[in-house]
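Once you've had a glance at the structure underneath, I'll fire off some questions.
By letter and in written order, the chains are A, B, C and D; residue numbering begins at 1 in each of them.
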């Protein structure tokens, strides 16, 4: 009781909670779940974009895409490290991902059939991720907040790069423009779903807000994203696939149509286009790599033994 | 490049294609691992090496286009030549195989290119010397990274040691080609533009020997080393690689991306 | 085709593309086994099935070109449409996986197409009826051949039974799409040109049930069946398949081969 | 002694030797080696052409190539069956192929980097094979002779088809013509080597001639091939890559330049471009297929047991 109150006071005073600080079980659990999910999203997120590395249309784009996918791996690494400060190992988290117990962002369960998707993912998906993540830079848990600062900086670079790809297509040949529009049509709604269920249906929101793990509601962030993105689409000469999307002078925001929450839950529950392929890919990488990880361990042990033997001999 | 005779320019163009193709094809191969590596650290390290190589390819192709003087860009050279016009070593086009094959291939190539670029830093061709100055550091990193893995796998478990041995047996056939010389390399060596590849063999042997002694590996005797890449005589895998690599440019020619 | 209204012609064109794409993509997948089958008999049987399918695709595309009336040939339709324009079922584009996956995919498709073609033999469109007459026999053979293998593997060793079960689990997601209906299938069914796919489900279930009862397999409950192929919404594998399939036509457009 | 003489008499009388007839050990051994080698060549020969099935430039060519590769598998099947009549199983032969003990035609150790190679293989390689095989239709061993009749019929169809592909290229665009010439340049000499070493260096020839397993010498067949093929190349407007190749009025044959026998032996001994890849491919197919073959056997046994049980129950 008293502990919870004192903890909440620290939070309210915007003090950072650090790994060795006492914290309520629920706080730790929420963070582990959220950071793990976030880390997994970075890792699984390498796959849809990785799909185009071997087919990127120019060397410049190929290099940029490779660098981007590498950055995502890097984000995964910081985030796993942040989760490890809460006492959960990377192996454990990986197994939870592969068994389907841990989730990752559903957006990565959509396929990337066209090059334009590489632009759209940068523009919309990284754009939405940034909206979600900027407040996390002030998250009450120190290691997470610090990881997010670094992540956000890179994500906004990716977002601009993605937008630039889409712009090149939108200003290109008719078939390129068509590619860009088709891609926007496919990704728009899934991007809006990235902010999670409507506030009225969101399970974890309230407590997370109190703990300052979260600072805005799902619907607030979604609205921010729409307000920022619709003018960008207009500037490109592309149409957001929502007939109800229009500027509302009274609210000072863009209205939007109803989100298909059945689709959202279907994908969350494993019924999306690529859920099984994504996990199968990660599982194959993990299983095929087992002998490599074992070899590295075995070698490290041999080295340690040899150094130990040398030390003993020297004494 | 200013001041090179037409023959020398032609040789230089050919050399730039060879080196550019080596870097692009190996960079492409390495990038195929992306998202499928045995551990997250390698999901970072492999694209990193791929990026180094693709960056080098871009500089080399761009300069090749200038030397040729017909206005061809890096993308023209990468995307609009066919299998028979590619000049890369057979080593770099070999399929990834397992992680042992991939790391050994990387070590073999980097152990050749590191002294190659080191020597090229003193090239009479300033542009090439500039490319070399950056690339030599990258290749030193590739030697370290791949070399450590070859040691870990060679001196790891029984299974990993067997896989490393298989890789050594397999890739040994593609080593000699790196050191091959012909009119192109002779002319450029004589002009002080690029090193004589044959002269780099002792360096390469020293690097490999150092790694192999820790990795419990031995260099195999190869009765019939394979060559042909420099003349555009490739194996069957390269065509499939190019079908992927070039698909967009072939399907939508002449657009900006 | 004479006498069809413009709307009906449009629907017929769309149907011919769907069926042609199904046949071509599955034929292509099956042909990937060539020279790599588990036994020599299958190195004959798999190309044989591939040939049946590619033959059907050719007839369907040729007729589609006529129905469309813009002079497009079978090759224009096969080689010059992109991923988003392909209309095939997701089932047929799934990677080969192991032999269990390949044979189950074949059984699932043939068990659908055999009654489909049987019904189409009585089509009011004579050309389509002609194509159906030949295809129905081929599909009956595919059911027999693939069905026998599903039984052998399902009722073989423990390992093979596990692989068969994995295949059933995996491919189950792509079954429902075969029976999907829309304005195109409705219009053609009403006009007596092509069967209503939904009406073929009992036939399909009967065939699968017969095989599965001998193979010790059970049809899984699928919570979220996958669709999208008919609208050009494909998985990520199709793009890579097309990069190979179309490489020559994309690289050297407009030539005779 | 007497047996050998009687056997030779049957041979000289052009009688066919059949599986259950007595035959000298050397005769059997020679045949097993030759038929096995021939069967393996068909099987390995599926690979270089199979390399283009997924990339054939038209549907018609794709279908024809698939049919051709299938025919080759079929030839392998007849030939293994012919070898089995001599008491050696397909498994045994396959293992000898995979271990490198048994050979196959070295021509298949050259790669097929271009579509033109599909035409050239039909034209030159099948053409050379037919030259080699037509006399085998009269081979003294019945099952082999009968298999060869069927094989030869299909091979000449393939040869015409290959020639037609090359003709289409030779009459096509400059780059197509160039593709055809490049392919001829690469395949010409290896095709000449298909007839084996020069008569003076050929190890097995004499006895094989006496036993009527062979009816012409390597050099005779090679000359026949050259005489048939050079005019075809000329008709196509292509140049055979041999500066010494010209019509010799006196001999009534085409002269030809020196064959690079070092290259020949290098490839025979495993040093060709594709030797290791070919065997690795076949080995992978064989190993990956092991569980399928085991399943088929296990199922056949179960069925037999069940039928047996049913029979017993019915009695």
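Note that contacts are C-beta pairs under 8 Å (C-beta built on N, C-alpha and C of every residue); 3 or more make two chains touch, one makes a residue touch a chain.
The chain lineup, named per UniProt: B, C = 1,2-phenylacetyl-CoA epoxidase subunit PaaC.
Model, not experiment: these values are computed from the prediction.
Participant: Through how few touching steps can subunit A be joined to subunit D?
Facilitator: Minimum number of steps from subunit A to subunit D: 2.
Participant: Report which interface contains more C-beta contacts, comparing A-B against B-D.
Facilitator: Spelling it out, more C-beta pairs touch across A-B than across the other pair.
Participant: Need the CA-centroid distance for the pair subunit C / subunit D, whole Å please.
Facilitator: 35
Participant: I'd like the Å distance between the centres of subunit B and subunit C, where a centre is the mean of that chain's Cα atoms.
Facilitator: Here subunit B and subunit C have centroids separated by 42 Å.
Participant: If you look at subunit C, which of its residues touch at least two other chains?
Facilitator: Residues 82, 243-244, 247.
Participant: If I count partner chains per residue in subunit D, which residues reach a count of at least 2?
Facilitator: Subunit D, residues with two or more chain partners: 55.
Participant: Graph of touching chains, which shape: line, ring, star, complete, other?
Facilitator: other
Participant: Can you work out from the touch definition every pair of chains that touches here?
Facilitator: By the stated definition, chains touch in these pairs: A-B, A-C, B-C, B-D, C-D.
Participant: In the complex formed with subunit C, which residues of subunit A make contact?
Facilitator: Answer in residue numbers: 48, 51, 55, 111-114, 182, 186, 266, 269-274, 276-277.
Participant: Which of the residues in subunit A come into contact with subunit B in the complex?
Facilitator: Contacts found on subunit A: 43, 46-47, 50, 53-63, 66-67, 69-70, 73-74, 76-77, 80, 90, 115, 165, 168-169, 172-173, 175-176, 281, 284-285, 288-300, 302.
Participant: How about subunit C: which of its residues touch subunit A in the complex?
Facilitator: Residues in contact with subunit A: 82-84, 170, 173, 223-224, 226, 228, 233-236, 238-239, 243.
Participant: List the residues on subunit C that touch subunit B in their complex, please.
Facilitator: It is residues 82, 240, 243-244, 246-247, 250-251 of subunit C that touch subunit B.
Participant: Would you mind writing out the residues of subunit B in touch with subunit A in their complex?
Facilitator: 24, 28, 31-32, 34-41, 43-44, 47-48, 50-51, 54-55, 57-58, 61, 74-75, 78-79, 98-99, 151-153, 155-157, 159-160, 163, 244-245, 247-249, 252, 255-257
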